[in-house]
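Mind having a look at this structure? Questions to follow.
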Amino acid sequence: MAIADRAPLLTIDGVSLRARLARAERSRKLKALGLILPLFLFVLITFLIPLGRMGYKSVVNEETFGRLDHTNQALSEWDGQSVPDEAAFAALAADLKAAQEQRQAGEIAKRINYEYAGAISKFKSITRTVSKMETGPYKEVFLEADKVWGDPRLWRTIRNASGHYTSYYWLSSIDLRHGAEGLESVPPDQAVFVDVYGRTFWIAGVVTVLTLILGFPVAYLLATQPAHRANLLMIFVMLPFWTSLLVRTTAWFVLLRSEGPLNDLAEMIVNQRFEMIFTRFGTIVAMTHIQLPFTLLPIYSVMKNIPPSHVRAARSLGAGPFHAFWKVYFPQTVPGIAAGCLLTFILCLGYYITPALVGGPRDQMVSYYVAYYMNNIINFGQAAALGAILLIITMVLYWAYNKLVGIDKMKLG
Amino acid sequence: MSKLPLLGLPPYASTQERVWRLFFYIFCGLVLLFLISPILIVIPISFNDSKFLSFPRDVWSLRWYEDFFFNDRWTTAVKNSVIIAFFSTILSTTLGTIAALGLSRPNIPFRAAIMAVLISPMIVPVVITAAALYFFYANPLMLPGESNIILNNTYVGVILAHTLLATPFVVITVTATLTGFDQSMIRAGASLGAPPTLVFRKVILPLISPGVISGALFAFVTSWDEVVVVLFVGGTEQRTLPRQMFSGIREMISPTITAAATVLITIAVLMLVTVELLRRRSERLRGLR
Amino acid sequence: MDASDGAPSGLLKNMEVRVKQLLSLTVSALAVAAVFSVVDVPKAVAADQLTIVSWGGAYQESQRKAYYEPYMKETGVKIVEEEYDGELGKLKAMKEAGNVTWDVMDVDSGHALAGCDEGLLEELDYSKIGDKSKFLPGTALDCAVGTIAYSTIFAYNADVYKENPPTTLMDLFDTTKYPGKRGLLKKPFGNLEWALIADGVPAEKVYDVLSTPEGVDQAFKKLDTIKKDIVWWEAGAQPPELLANGEVVMTSAWNGRIGNAIKEGKNFKIVWDYQEFDWDYWVIPAGTKNVDLAYDFIKFASDPKQMSQQSKYIAYAPTHVDAIKLVDPAIAPTLPTYPDNMKTAITTDLVFWADNNEELTKRFNAWLAQ
């Protein structure tokens, strides 16, 4: 470098060599990036942007925004504590009439009902009533139809739901809601999701620990056997890995039943049948079976690169077999353990199919509720909020995995 | 010293060590049994004659295979699975291989971050991906109002989704082959007078092809096994084999699912053998063996 | 400097050639995929194909034999079958996306009304179906035309209870006298009514009580007493399966499903006490492209002669007065409409469920997950 500072090296056409090299380097980088670009764009357009839009769904009032404009305006001056005035009632009546013509009144009712249980039937009947009315006054008609229309909480709900954005879905995902004085917990007969997240972590944790306990010795066995035998035993690990998830779940579905092979065996041995299908136990066993190769393989590939001479050296220096294993061999396997366990834990958080088929109602994890709110209840906002929280948790763990293990180290088979 | 067998231990091993070793072998044997037996146990059940899921007691029968191979629902499902897996394999292998070639160049800026993004479809829970795609497909161009293009309930939608899920596997396997890649081989080829085209064809391609092929196999299996995305964005027309098995367990429990499972296990064995052979070939070519 | 920097620059060019080839391959693959979908789309909307959604299992099989197969034979139309668990969610999603691929559906009464309210179902033009007055009262609705009468009953495995079998609804809720798991439908629908009756509410007051928050609490409290012994089923095919496999000792079920299992040689017995009587309907989803063909099919399936066929394959009663006369008297005792079976029957309140299903389902799901 010192020489270059004094008299720059030139190429044959008189350009500085350094500039030339830099240009070559730049064009190489650009070409390499150009190769990556198609896939990057594909992932961006069909994955990252859709994930972002899902996040947007979780904070927007799709069912009501723009359909309760009159009401929203009429309630802008309201104190939030008393029964609103005639203007508010008239505005709501007008909005409901318009919505009824578009056949959208049902959606509005449904949206309000998320936050105010029981509102749906009140909305349906009042919509029918006001649709027949030409002019007001409406307030008495509403209050006469049902005393619920005098409840400020219902009106607060309507006001919140008529804006563009809402925090309802996110709050609801952690069992909170807007009360008269700020945030409060939802009533215990509606509180579900904190439990569900806790359960998801618990199941993922138990499965991770089990796969480690079962997988570590087998990885050690495979890594220390002569190649031909190890390859043979490897089939036992790899065949499940290559077999369809549905097949493995089907297998457990068949195995765990009350009259299934496992219970037949139990009856022969201990003369008793156990309840296994549609239980937490069944879910964890099936998930452990499916995840075992994911924990085992990274540990195995680390172990394979530990020279056996290390332990032999420790032994020859006088260490006992267990001491040598624990102090010399085991610490070297820790990166593999971290990689395998973290991967399994992350993948476990997203389980859906297996718990849905072999678990009971109290064993369903977050993904089940995302699917349930998407496909059965058709509450897209709730599904999106539940999914967004799970996504954030997963991304944090993925980031940790990247820091700890490095995505490059991920190996398949 | 002890009557216990040596079990591969050096002759100076203590009794305690041998007992431990014995225990270790038994434990590993049980774990391997745990891994393999659930898969094998489905096979005899598929030859059952009864309408309910149990071991054949007296009569063995192929009736569930007949149902699997000749019933419209199952044959359509197989056909759909093949079509979707075929196209998503081609797409993901192409995209993934090109990207892997780029990623394995030296000094790529933000390499780790780019890699993390490209791998992320494998990490994000499939239900979330499926939900996000469902919203996206309802209006892919993000135009205001009702969209004219809808990818839900179309083959293209399912194929694109499976391509997305499968590319990480291709990227991983191909980059893995390229990291072990000895650059001096290229120079050796060039110094012996081979033009670059020849070097590519004779040196690089044979070296990365095992990675590409096993990546393609992974991609195929990913699509072939996938059920959640199909549940969300697929319609009646796109009903695939796993989707059919899913409703087979949930909605109309029929032992045909065990016949289907047996067929799938056979395919898995074939895949496993192919990948193993490829891996060995790759290691041999790269001189790792 | 990295070793690869020594790579000849021509190599890059060469890779580009490769890349171009790969790209053109991608493009052609996309083109082929597009062609595939284009080829397939007209097939889906073409007039010679009809997608019919029903409840799966033995029920769908009876429809296949009584309607689908004869219809396909007569008209050459291809019927594509789909099964579901009675949720209109997917339909709503399809309608929102503007891409309804279902042409005809079989729904229960709560959904027939709710679906009509929410604009999910086509309003029916009875001139395209048949004489409206010939259908039993309450089965010719604005958006739905009745196809069968079914009922929710509970059944037990007679191999388990050889002596002193369960005979009343109370026995379903009595886990001391009849220990063991029982199956129930994973919905509030039907279960809440039974829970109240088992708790001593008179049958005719059930819906009045259930309309109050206290009544709902009471029903859930009663269900709490057997909650840990319940195996939940979602699809109609599951209860006979659960019974046959010993997963449960007794289970609620739709009577025809149990009837068919008995025909297949299972030793099951039906308890008709407080059977919950209800209708199933044909409906046309709003937004389907095959409306005319859908009408044609419903007209075919509502023809008395055709309708009377279904009872042969499953123990459900027809809704057309002329079809009832054509049903084989030998199978009458297995039908929910048989007088002996109707003694304590309760009739599902459609309006109640159309209004309250959403809320009660929400509460039910929270209760399940706790």
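A few notes on this one:
Order as written gives the chain letters A, B and C; numbering starts at 1 within each chain.
Operating definition for what follows: a contact is a pair of C-beta atoms (placed from the backbone, for glycine too) under 8 Å apart; a residue touches a chain by one contact, two chains touch by 3 or more.
Model, not experiment: these values are computed from the prediction.
The chain pair sharing the most C-beta contacts is A-B. Centroid analysis (C-alpha atoms only) places C farthest from chain A. Centre-to-centre separation of chain A and chain C, using mean CA positions: 30 Å. Between the CA-based centres of chain B and chain C the separation comes to 35 Å, rounded to the whole angstrom. Centre-to-centre spacing of chain A and chain B amounts to 22 Å, using the average Cα coordinate of each chain. Touching two or more other chains at once are residues 28, 31, 35, 38, 257, 259-260, 374-375 of chain A.
Looking at chain C, one finds that residues 15, 19, 23, 93, 245 touch two or more other chains.
The set of chain B residues touching two or more other chains comprises 53-54, 95, 98, 101, 105, 107, 134, 250. Note for the complex: chain C touches chain B at residues 2-8, 10-11, 13-15, 18-19, 22-23, 25-26, 29-30, 32-34, 36-37, 40-41, 44, 51, 56-57, 60, 80-83, 85, 93-94, 96-99, 101-102, 234-235, 237-238, 241, 244-245, 264.
The touching residues of chain A, when paired with chain C in their complex, are 28, 31, 35, 38, 103, 106-107, 110, 113, 117-118, 120-121, 124, 189-192, 195-196, 257-260, 275, 277-278, 360-362, 364, 372, 374-378. Residues of chain C that touch chain A in their complex: 12, 15-16, 19, 23, 87, 89-90, 92-93, 117-119, 181, 186, 231-232, 245-247, 355-356, 358-359, 361-363, 365-370.
Residues 25, 28-29, 31-40, 42-43, 46-51, 53-54, 57, 214-215, 217-218, 221, 231, 233, 235-240, 242-255, 257, 259-261, 289, 292-293, 321, 346-347, 349-350, 352-353, 357, 366-367, 370-371, 374-375, 380, 383-384, 387, 390-391, 394-395, 398-399, 402, 406-408, 410-413 of chain A are the ones that touch chain B when the two sit in their complex. Here chain B touches chain A in the complex through residues 13-14, 17, 20, 24-25, 27-28, 31-32, 34-36, 38-39, 41-42, 45, 53-55, 95-96, 98-99, 101-103, 105, 107-109, 112, 114-121, 123-129, 131-136, 142, 160-161, 163-164, 167, 169, 171-173, 175-176, 179, 214, 218, 221, 224-225, 227-228, 231-232, 242, 245-246, 249-250, 257-258, 261, 264-265, 268-269, 271-272, 275-276, 279, going by the rule given at the top.
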